[in-house]
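For reference, chains read A, B and C in written order, and residue numbers begin at 1 within each chain.
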Amino acid sequence: MTKQYAGRQILIIALAVVTLLVLAASIRYGAIDFSIAEISRALTSLIPGQPAPTLDQRIFLELRFPRAILCLLVGASLGVGGTLMQALFRNPIVEPGLVGTSSGAAFGSALFFVLGGVFHIGASLWSLPIAACAGGIISTYLVFLLARSREDGRASIVMLLLTGLAVNALFMSAIGFLSYIARDPQARSITFWSLGTLSGASWKAVEIVAISTLAGSIIALRYAKQLNALMIGEEEATYLGVNVNRLKWIILSVNVVIVAVATAFTGVISFVGLVVPHILRMLGGADNRFLIVGSALTGATLLTLADLIARLSVRPAELPIGIVTSTVGVPVFIFLLRRRQYVF
Amino acid sequence: MPLMKRTIVLLLFCIVLFSVNCSRFHNAPTDSKDARYVVISPIYNEIIWALGAQNTVVGIDLSTTYPPEVKNVQTVGYHRALSAEGILSLHPTAIIHDNNIGPPQVVQQLQQLNIPMKSFSAKNDSFDGTKALIREMGAYFHKEARAEELCNTMDAQRVASLEKVKQYTDHPRVAVIHFGRASNVYLVVGKGGGGDGGGVSQMVELAGGQMAIESQRMQRMESPEIIAQANPDVVLLTDYGYDRLGGSLDQIKALPGVATSNAAKNNRIFRIEENVLNYFGPRSGENIAKVAAIIHQK
Amino acid sequence: MLNASNITFRIGNKPLISDISVSFACSKLHLIIGPNGAGKSTLVKVLARLLRPQTGKVEYEGTDVSTASEAELAKRRAVLSQAVEVAFPLTVREVVMMGRYPHFGGRPGPTDESVVDEVMQHFDVTEFSERDYQTLSGGERQRVNFARVLAQLWRDGTVDAAPSCRYLFLDEPLTFLDIRHQIDFLKKIRTFTDAPDVVTVGVVHDLNLAARFADQIVLLNEGRLIANGAAAEVLTAGRIEEVFKVKPTLIQSEGSGMHLIFD
């Protein structure tokens, strides 16, 4: 155990280094490339008494820098969300989106786009994320409620998956209905938002997502050992002293919050939650303490790389990041599926 | 230790990735006095090119396709999925748009950075509106004389086209099918309402046809009844939607409700460029004759 | 000492076990037998407190077990199931270490590490220590699980101030094992049960194994307790025929006890 443990520690450090490298690239390159000199000039302009920043420096400080940080945080959220879901469902082919969180968050946002125009709801920066979170919470709670068995109130994992599928279908068709009744400009907002983008990043967004990601990850780490026990079965975990029902509620709640908050600011980004835990398991095994930290770092790295591709490949235009993650994610996913026979 | 080896490979991979992306510095003149515009609107761009002011345009949107020379200008993406940084990397002195840009956060970012944004008050929802727009833009780009020329040409061509239209004795019922790229569905264009829908019906009527579909706006072609009940004599498909089906009459007839119509029976299904039919612009005068020629084909 | 009084467990309106009262003493191996659907597994799960009965109570050393916390109970009660499916790449050592989870908070301590070493040795799985659990055969996996369960119940030789009993439940653990491993397991269970503070309750299908190894046999049928006692008392020809619907021939042998032969 000690040999394996030491190996994992080194791997985590290596992943952290890679994340920093990728962050550096993300800060420097894009539609505008910033040199290190320009970056330090931008940063020094923040010191009181220094000359006000130029437009380019403002672009760096207000657009690029928060975007790079937000990308890390959202990537981490999605990575941790994926790990938690796979641990909870004892199934490696599971994503936070499968319990209805993403489609609920998407629906909340779509509703905001459509109704916001009709009722002229205050264009506060918070309205959209709150709407998305509300949607995510409602859809996830709905899944949990419907999946409980009548006899003893337990929600088995199989029931959760099936109900999640059904609720996803429900919310996706509700979104379809909304874009049907929406006036054309709103409808187009819905479509493009559901492909995912980091272009709306701001320091306010970073603040909120940082809180949810860090708090969520710390809570998740505290339950990592119990999630490990869950890997050998719900019954076995109960015999090992885990209150499985309570664990499910807590982990699901953490998942909803971190994924819905991230989705609120960036739209639906898929496959990160699915692929990241797999990569990590291949590198260092299935211990959840290692996985949670590792998938936060790996998710951050992969999403940042995806954002770099989204921003660089057709500059000055941008690809929706969901397209990049899907294009890379699908072949990787199929490759993983074929590599080993998974137990369902 | 296999774990170690994997880690080293991972690190090497990332270092290679990092170094391959060699940096390019943007040396766009930030203190230049020349006007540099990012113009996010197909009609605005068409008019700018017609006015001869295109050398001030440094960025256009994805939907701008006319005239063909616009391809030489960089595109900043789809007008509702913009990126502030992308636009600003072109160092524009102003962003010109027709109030149809998004996402909202990006608009907010541009406002926060005090980037000058300009929209024109005239709308190209009719011939008169279009002329007003041309004149307004002519003033803005200091091409007033050219603007007047364009307006006069428009009027003259319109008169000539209407003459030609008189030679047709029939008034075919026309259904217009447009492919909405954002919603990824086929839409059928209605008679009333402003904006896109309005432009289409006005052009069709000026060309001597009648709109077969009465509704106020564009609708999805989900129910076959929409077209079947209207039973158009002619079906027009705008270019993207037509090309998407490979121009195959069979596939087009397979769209809901089309197969039973008179248009299908007589194979009066034709392709038309979106920028000829859908909205008013400098060429609308001569376009009336083009549309007429198409819909009166047998 | 384990007491079950008037246990009834229902799913909806259907009772799986009705009004069962039975006691289990320390140092004794108790085996529950019965035909399919008799409620054997259900009873074990109720005794292990995985399921809560609608009526009746289960007492561990006189205390109603329904009030105990999960974490506390896990330190002295363990269940060896039929099979454990793992969907992720866990090493054998990681699986066995899970038996120690109730005993440490964040990271395993040196005691935990040495207990794991010891039980892996006892079940001959040390050579598999770093192997992926999923690559093992059924018999090898059960050895690993047994090691894990014993690691959970492990106590050092020193006498505790207020020792509580340890409860080992076996829910058809022999199903996927070959005959050699079945006998080997039962011998090891027998040895473990000899400790003065251990209560062992298991479910088996094979009547011969039950006859040979059990101190006490509990016979269930259709959710009810039919008989409870030593092998000779419970396993009579008439009763077996009535409950199992097969006709046995009983043979008593001096050295190895009772044997049953079926046509």
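Please note the rule applied: a contact is a pair of C-beta atoms (placed from the backbone, for glycine too) under 8 Å apart; a residue touches a chain by one contact, two chains touch by 3 or more.
Computed from a predicted model, the values in this text were never measured in an experiment.
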Groups of chains joined by contact, in the absence of subunit A: B | C
Chain-chain pair with the highest tally of contacting C-beta pairs: A-B
From subunit A, the most remote chain by mean C-alpha position: C
Where subunit B and subunit C are represented by their mean Cα positions, the distance between them in whole Å: 74
Centre-to-centre distance between subunit B and subunit A (centres being mean Cα positions), rounded to whole Å: 35
Whole-Å gap separating subunit A and subunit C, where each centre is the average of the chain's CA atoms: 43
Subunit A, residues touching no fewer than two other chains: 4
Contact set on subunit A toward subunit C in their complex: 1, 4, 86, 90-92, 150-151, 225, 228-229, 231-233, 235-236, 238-243, 281, 285-287, 342-344
Subunit B residues touching subunit A - in the complex, by the definition given at the top: 1, 3-4, 6-7, 10-11, 14-15, 17-18, 21, 23-26, 30, 59, 62, 74-78, 80-90, 100, 102-106, 108-109, 112-113, 180, 182-184, 218, 220
Footprint of subunit A on subunit C - complex, ascending: 11-12, 48, 50, 70-75, 77-79, 81, 84-91, 93-95, 97-99, 101-102, 106, 108, 113, 130, 134, 152
Subunit B partner contacts - residues on subunit A that touch it in the complex: 3-4, 7-8, 10-11, 14-15, 17-18, 21-22, 24-25, 28-33, 35, 54-56, 58-59, 62-64, 67, 123, 125, 179-180, 184-185, 187-189, 191-193, 197, 199-200, 202, 283-284, 305, 308, 311-312, 314-318, 320
